[in-house]
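Take a look at these structures.
In what follows, chain A forms one complex with chain B and a second complex with chain C.
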Partner chain A sequence: MIRKYIALLRMKYIEMLAYRLATLVWMTGAIVQPLITMAVWMNIDPSQSDAFLFYFMAVIFVERMTSAWDVWELDREIREGTFSNYIIRPLHPIHWAIAENVVYKVLFVAILAPIWAIAALFVPALRFDVTGGQALLFLAAVLLGAALRFLLSYICGLLGFWITKVTAVYGVLEAISLFLSGRIAPLSMLPPMLQQWSVFLPFRYMIGFPIDIVTGAANGHDMLQGFAIASIWVAVFIIALRWIWIAGLKKNQAVGG
Partner chain B sequence: MRRYVRIFREFFRACFVEELEYRSEFLGNLVSSFFGIGIAILTVNIFFYQTDQLGGWAYADVLVLLGVFNTLRGMIDFALRPNMPRLLEHVRRGTLDYILTKPVDSMFYVSFRHLVFWRLIDVLLGLGVIGYGLMVKRYIPSLFDVLIFLITIAASFVLIYSLWMMLMTTSFWVIRIDDLSFIFDSFFETARFPVGMYRGWMRVVLTYVLPAAVITNMPALSLLGKWNMATALIAVSLALVFLWLARRFWRFALRFYTSASS
Partner chain C sequence: MIHVKHLHKSFRVHARQAGWLEAVRSLWRREYRVVEAVKDISFTIEKGEIVGFLGPNGAGKTTTMKMLAGLLHPTSGEITVGGFVPFEQKAEFKKMMSLVMGQKSQLIWDIPPMETFLVNKAIYEIDDRMFRETLDELVELLELAPLLDKPTRSLSLGQRMRCELAAALLHRPQVLFLDEPTIGLDVHTQEKVRRFIVDYNREHETTILLTSHYMGDVTALCDRVMIINYGKLIYDGELTVLTEKLAPYKRLEVRFAKVPDVRWEDYGEVVEIEDGNVALRVAREKVAEVSAHFLQHFHVHDINIQDPPMEEVITRAFQEGLHDS
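Then we have the complex of A and B:
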């Protein structure tokens, strides 16, 4: 298994190099919306500017780390029938996707972490002070978030066996997550009802939760509860994924070929 | 000119027939358009949950602005967006030859050949939101307001078209990226809110370099009766300048087109 993964990672790494310009351009595309939202909040409450700056920079970072694009790939591959190439191989296709995610996210860290470090030299608002434990929890939360988003996106992609508009379904989920994940605003700024919802739905754990850990907005109880709920969602998603995969293969009728 | 109107009508008809083959998707598209505008309004509501003005604009004003934004975006998705990937494809495969040899202006052809009709729903929804915003504000625009609004929004569309065209023209050089439209989207997103909201160099860039201020704020302000002749004239002349630039750039880029081996 480890040897297979090394081979997959190498392959995906070479693929990524071929598309490095596209990757960079996509990355810049992903930072605009948080920046605009940040400008809005700074305008609403100028006295909190530094906190907003930190929060939304963290949103950009965490969003990149947990981003998932598999639904678009799967949608295309299933529709065009090229997904069959993966199905007949002895390794579950999800491993290709996992390897790809690992490679890209390592690249994102390699780009974003130094930028953050250099920016923090000049902008005091970006400096943060965390204990070792907090840092570990943050990493764990980011991993959980990445797993959640990846699984959700992959599940949606597999729905392509039945329906042709899976990207639209995923778009709806993304739009909901815009509010509940903390991308539009720090969750504490939302109306109380949305805050309540966000605790129990998976979206908050994809972006907002790790940031709350670093900024100290989440206390011990919140963290415990958060990790528990996020883990439950991961388990639910894994079960759903397995089930949909098996049912989907029966349904699959490679179009085109 | 008449000939081009006729050709456009023909594009319109051809795409309409094409679209009718996918009638069953209409409902889904309708739902997704409503959903999109609902999300946008909800976002504005979330901001106004914490404040009562955004860059000097009240809630109703921002709604009108959002309506203008949605209308313009609907127009882009209707006429411009479907053509972007196709031009990239033409350049990559060398099939642009077929367009260049047609007795039609090539820039006109590549930007309007493909239309996506259901996106006009977004235009209607945008107009609806404008109306709703005006209702919340209890403001009935005068005839002059509406006139200036029509002029400035037309100028906005020309501006958008020019910026879009310039971006599309870069496909003669950057053929590796499947879709460049999101670069434009990123910029256009900034036009969703009042420019007064941005600070420092951002405001300067958005007012003078990438004129988001002109594109959405000006029509919205006109409709709210806060226009003056000078700014309207600036908008129109800016649009014409950008159109000229886009035209020049297209001509310039065509010289670099070497066709693919066929």
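Then we have the complex of A and C:
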């Protein structure tokens, strides 16, 4: 399995290099929305400017690290029939997607981390003071968040066996997640009822939760509860994915000549 | 190697009339109809055989092939390929077979074919020595050397198809399914691909099932053909027998020094008479006799005896059916 991953990572890396410009545009494009949202919040409440700056910079970072695009790929591959080429090979297609995620996210870290470090030299609001434990918990939470978004996106993609243009369904989920994950505003600013819901839904753990750890907004109890609920969601998604995969293959029409 | 018994596949298709009103109506009232793509097909293919799977578009060839490769779940019936049930998706099964689809590339589009080969090496767990040997062989047979490091998207269709074949054969499958492998290729490249398939089959005793609607593929590659139409297998047997059965005549072309004044209808059906050339359709059993007669009694410049073109034979099979076979 390790060898297979090495081969896939290598190939995805080479492929990424072939898409240099697209990758760059894609990365910088994703920064625009959080920046605008940040500007709006700073305007609403200037006294909290520094907190918003840090929060939304963290959103950019965590959002890129947990982003998932697999639903678009799967939707196209299933609809056009090229997905068949993965099914007939003796390796579950999900590994191709995982390898791709790893390659792109390593690149994101390699670009974003130095930018953050340099920016922090000039902008005091971006400096943060975390313990080693907190940093590890933050990384673990980002990993969980990435797993959650990836699984949800892949599950939706597999629904393409039943529905054409499944990306529409995913679009609805994305819209909900915009609020409940903490992308549009820190979760503490949502109405109390939404805050309560967000604790039990998976979206919070995709972006807001890791940021709460690094800003110190989450105490020990919050973290324990957060990791537990996020882990349960990961397990639920894995079970759902397996079931949908098996059912989907039966349903598969392997379109195209 | 391949056993198929009473195979059926039906799809539920959403039926919708064309037009705006109908499109709106179908939002809440969906009508489905069941399309039977494959109806009760049974056959057996032995190890090392090359079998041609013929039929017009939409006859069920590709559907059958996809079931054999494990891509489609049969509605009913049994399939085993090399002892495996394809749809169970066992890794061992996938390692012993390969599917090449003329229209669906497995090569990764924006990077060179060699990268796909290396990924396949890892996925199929091919060891270094075997990979080297197989790759060298394929590079030579398919003349791939100049193509390996060019991005796939920049290859011509023929070049890509050759790389496609190589990617599919690196793990030395025992069973090879070729779905329209020569589609869109020029005559010269078609010929190359055909020669490769024949040589490869002879060398490795690979069992090959091939669909095509180029008759040339079938006549060049297959001794045995299966003809499918409307989801039913209407013929399974030797190509030569099929020809005899459907076309019990040959085409006899004779060039005379001077066209003799005889009743041509006595020898066979007249196709054309022009400038000393006479083309007749003569019953198979009379061909020898008629040509001997011409050579003995008239001054003949040239004589040519041909089977009727395959296209003609197969088209007749599609039209008339062959339920007695």
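The rule is simple: the second predicted complex is superposed on the first by the 256 of 257 C-alpha atoms of A that agree within 3 Å, B and C clash if a C-alpha of one lies under 4 Å from a C-alpha of the other, contacts with A are read in each partner's own complex, and residues count from 1 in each chain.
Keep in mind that, in the parts below, contacts are C-beta pairs under 8 Å (C-beta built on N, C-alpha and C of every residue); 3 or more make two chains touch, one makes a residue touch a chain.
Predicted, not measured: the structure shown is a model, and the values here were computed from it.
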| item | value |
| --- | --- |
| Chain B versus chain C as contact partner of A:106, first or second or both or neither | neither |
| Chain B versus chain C as contact partner of A:239, first or second or both or neither | neither |
| Touching partner for A:179 - first (chain B), second (chain C), both, neither | first |
| Which superposed partner A:24 touches (first chain B, second chain C, both, neither) | neither |
| A:250 touches, of chain B and chain C: first, second, both or neither? | second |
| Chain B versus chain C as contact partner of A:36, first or second or both or neither | first |
| Touching both chain C and chain B, counted on chain A across the two superposed complexes | 19 |
| Touching residues (chain side chain A, partner chain C) in the complex | 3-4, 6-8, 10-11, 14-15, 18-19, 81-82, 84-85, 87-91, 249-250, 252-254, 256-257 |
| Chain A contact footprint on chain B (complex, rising order) | 25, 28, 32, 35-36, 39, 42-43, 46-47, 49-51, 54-55, 174, 176-178, 182-183, 185-187, 189-190, 192-193, 197-199, 202 |
| Complex contact set, residues of chain A against chain B | 19, 21-22, 25-26, 28-29, 32-33, 36, 39-45, 165, 168, 171-172, 175, 178-179, 184-185, 189-191 |
| List of chain C residues in touch with chain A within their complex | 11, 62, 66, 69-73, 87, 89, 91, 94-95, 97-99, 101-106, 108, 110-111, 115-116, 118-125, 151, 179-180 |
